[in-house]
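Paired with chain B in one complex and with chain C in the other, chain A is shared by the two complexes that follow.
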Partner chain A sequence: MSEEYKREHVFGLDYGTSDFKFGPITLGEVPEVVENRGYFIDSSSLMSRLMGVRREVIVGKDVPRFLESREDLAERMVYPMRNGIIPKDDAKAWRVIKELTKYALESFAPKDESFQGFYVVASISVVAPRYMYEKLFEIFKEMNEEKVLVKAATIIPQPLAVAIAHKIPTCTVVESGHGNTQVCPISMYPIRNAVIALNRGGDAANILTAEILKDAGYGDLAKEESLVRRVKEEIGLLPKNLDDAIRFAKDNPDEIRVSLKIPGTRIKIDLEDLSWTRFLIGEYVFNPGHEIFQSYFARGMPKPSDVKIGDTYFYGMMDMAESIVTSVEKCSIELQPYLYSKILLSGGNFGWSVPKGLEQVATTSDQKLKSMLMEKGVENVDVVITGDPKFSVWRGCIVYGYAVPVDYEWKWEKLEGWMNVA
Partner chain B sequence: MAQNLGNFRIRLVCRLKPGSSGVDPLFDALRSDGWNVDGLKLLKGGYEAEVLSSSLRGDEIIFSLKFTDAQTLDNFIRSAIQECWYIDVYYHLRAESAKRAAETLGIELNNRGIFRIEEADVSLKVESFPHAGALTISYRVGWREINRNAVTKIHEKLLETRSTKSLLGKIIGWMK
Partner chain C sequence: MLRRRPKPEDIISALYEEEGFYEIERGEDPESEYVNRLILSDGRREIIVNILDEDIFAIRGAIQDALLQAEKLKGKFDGVAIAIPRKYQRAVDEDVMALHGFGLIIYDNLGAEEIIPPKIREGIRSKKEEERELDKSRSVREEEIIQLRRDFSRVLKVLEEIEARLDRLEKEQNKLIKRIADVENKLRELSKAEPRIREEAKATPKTISRVKVEEGLPSYLVDNPWIEILSRRE
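Entry: the complex of A and B
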């Protein structure tokens, strides 16, 4: 198989905690995105038989068409990568991953006879245990049962993919998705024993947003996760300094007030005199330890807890700057200045923007983190948000797949190279 | 002169001449065309290109162009070809850009597949991805294509589809 064939058939798969980004190199700069979830149909129900629904699991853009009641949603909807690690024996989660992988590859597999499978580059959490690599390779092999979809495959950690996409060999990557955050120093390879994982990502801010919605009288809507996420993304703000921002909001209520209409529905959300809480949403991502959140915890909002999954500790309440300092300080002193001098922020959880008129009190993720690090005494920091942070992992997959020669075989000791599966 | 590329992206894959001594001669050739090479970024009077990736073998390099100006593209390729065996030009089009290009090239964007189309005496490979509303058009450039001015002709053909929809087309679109 030639390099030229590979060049046109590299396929990136980014198994994010919330979104699954996928597509071949020929898609250009932006992958396809579907939610990383699967809906298990009640195959015993009369209606599903009457309607001729033969599939057991629905993934991709079709999912909303099959949803049943809200109660069923919680029971039947499976988000397999919630915290980046799938338990070995979680058959349902692996089933969803298999269906999503198939969905992605079949969406783009050319029909012509010259097609002999994609060179698949998959990206998973840096804390993913070895069995996840083995299981994924197994899935790639199974993709070829009916028709060859995967010629060869490789798997890389998400932070490394980000560094590859930006061609920065020495840096600290903070990849924050829906379910967790990975802080990973990189010096050519990820420095695995310095990785810090947070049990907190976009979902933590969703939980807070749901509480805010309840307080504002929209308790019924707070149960719908996708709606809550939308509210968070559209009205949430990241404050420069939370106390100053709240003061500003209370002094200038009209400037901060916003209403959100959900297209195609009659739903209109207006936080009215609780509009100042918009700033809490962003702050919570970076610093859940701020005293203001205690009142939410006291009323029963779950606190991001420290958990151990496999061999990895996921910290719940550690603030974002502290996690970077802790991670970098696990590396050699000589390397530390270089790791601080290029911090790459990647993932949808860093996509905070500053609306016009709120420049005085709202900020972006890079500026927020820079000031938090300076408060901790870290100097000469350069924090950069990757362009289109949601897609930088996928882009790294494509660049990696293009660069690694077809004859470079997979090595378990280094976790690199191509595993031939066709 | 920063350009809003929207759904219109161009990538160039330059295959270096066999036995060439890496990418430096290629960058030198681009410098002689006025490009300032700064790390992975290339700048020339407000136009920008970026080195997207290079093969580990060091025999291929991908540029992502951040401009659509026909003359600048032609000059870039003319300079680069001096150090390349050939250059593969890829157009990645999405949404409206993809629809219009498909219309101009006479293919149906809703049919997934690979099509071969002759344009300016060059065989274009057109790959459609209805699922993503995307179209990839690619062709290979050597001295033959350069001498026939194929790069500019093809580029203008594809660009033309972005801006100069016929008056009749606009009226029909409006009536729909």
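Entry: the complex of A and C
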């Protein structure tokens, strides 16, 4: 197959913890996005019979049309990549991944005869174990059962894709998704031995937000994950210094108070005198070790714990700056200044904004991390929040597929190259 | 107004002008009372023409005197010629003249004609030149030779350095040419891919609103150093 054909048929798949981004190179700047989830419908239900559904799993934009009661949601809705790693024997999760992959490829497969399959570049967590690679390649092979959809495939770690999308060959990428956070130094290749993974991401902040909602009297709403996430994103704040911010909030309650109306519903959320807790949400992402969170843990809020998945330790309570320092210090001393000089923050977990009037106490992720690193004695730091963080990984996949030569075969020792599956 | 009648010297001088000679002296021969002489040169050689007029043939012994004087001149000039009036041409034996190396010119009022060219003695001149060269080389002092040798070896050294530099420059130039060729190839490939991406974007309804085709390749592909890095994977 020619290099030219490959370049025209590169297809990116970003299996994010929350969203699944996909599409061919021809999409240009922005991929298609659906939630990384699948809904297992009750084939015996009247609804599925009425709609003539033959499928067992629904993925993509059709999912909301098939949702049933809230109770069923928890049981039937599967988010396969919640912490970035799918257990080997989690058949339901792998089933959703397969359906999503098929959905993505079929959405864009050209009908003409000259089409001989896409060159698929999939991106998964840098700490994903080998069996995930094997399983994904197996899925890509299965895609060709009816019609050739995948000519060849490759899998790259998400932090590498971020660095590629942002055109930086030497840097430290901090990718914080829904379920976990990966710190990965990169110097032409990902430095896998120096990767640090945190067992917390956007979901940890969601859990805290749910606790705050409960305390504020919205216990019933706290069960709805998408609503909790929305509350976190709309009212959560990242403090410059948590103690100063709380003091400011208590001295100026009107400036910090906010109410959130959910469009299309009667729901209106107002934290009233607990509005100061808005600062806890952001702080928890960066530093869950602050003493103020002890009261939440004491009341039963699950504490992010250290876990070992495969060969990787996921640290629960390590603060964000500490994780970067630990990771960079595993690299050669000569390389360390370059890794500190460009730190890329990627993923929806870094999207904290500063509302007007709160500039004195609230901050953004890059500034927060910069000051945390300076406190640890790291100088000459440049922290950058990636533009369009949601799409960075997909863009990196496209560049990777575009550039890697078509005859560069997959190597398990390097986890690089094209695996021919057609 | 009557035209001046040309002298035999003028007529003979004109004959030799055609052969590249120019007149450097004319007048009576100080050693002979019967003969006028004309000295000509082409810058390298000098010839002398002894001109005998009509009257001389009426004087007993004058011709012998003229020939003997001419014989003396052989040592001083590269060539010696005798010029006689046309009507006395038979009075002179051409073979005898040629045997003795004299040139023979006949002349009248209408012009002159070279019957026998004078024998040019090149040896004399080249010997003189050799002597001159020898004198010159003698005048170059030994110190100057040593200095010249030093200068020469220094020039050789500089040349070697320049040669080495040129080698290096050539290598660098070749590398640059290769890199430019690579870049040009990539540009060609990119410019080939661009219209296809546009075409496919048009062909796939879903993508029409998404690709800003008029802006060319997606921003993350343009000037991305990773393309060079990844394309070298092998």
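Brief remarks follow.
The rule we apply is simple: the second predicted complex is superposed on the first by the 415 of 422 C-alpha atoms of A that agree within 3 Å, B and C clash if a C-alpha of one lies under 4 Å from a C-alpha of the other, contacts with A are read in each partner's own complex, and residues count from 1 in each chain.
In this text, contacts are C-beta pairs under 8 Å (C-beta built on N, C-alpha and C of every residue); 3 or more make two chains touch, one makes a residue touch a chain.
All values derive from a computational prediction rather than experimental measurement.
In this overlay on chain A, chain B clashes with chain C. Contact with chain C, but none with chain B, is seen for A:P169 once the two complexes are overlaid on the shared chain.
In the superposition on chain A, A:E416 makes contact with chain C only, while chain B stays out of contact range. In the superposed pair of complexes, A:M374 makes contact with neither chain B nor chain C.
In the superposition on chain A, A:M188 makes contact with chain C only, while chain B stays out of contact range. Within chain A, the residues touched by chain B in the first complex and by chain C in the second are 3, 7, 26-30, 107-108, 110, 167, 398-399, 402-405, 408.
Residues of chain B touching chain A in their complex: 9, 11, 13, 40, 51-57, 60, 62, 64, 90, 92, 94, 112-114, 127, 129, 131-132, 134, 136.
Across the complex, chain A meets chain C through its residues 3-4, 7-8, 25-30, 107-108, 110, 163-167, 169, 188, 395-396, 398-400, 402-405, 408, 416-417. Interface residues of chain C facing chain A in the complex, by the touch rule stated above, are 189, 192-193, 196-197, 200-201, 203-204, 206-207, 210-213, 218-221, 223-231, 233-234.
Those residues of chain A whose C-beta lies close enough to touch chain B in the complex are 3, 7, 23, 26-30, 32, 107-108, 110-112, 167, 398-399, 402-405, 408.
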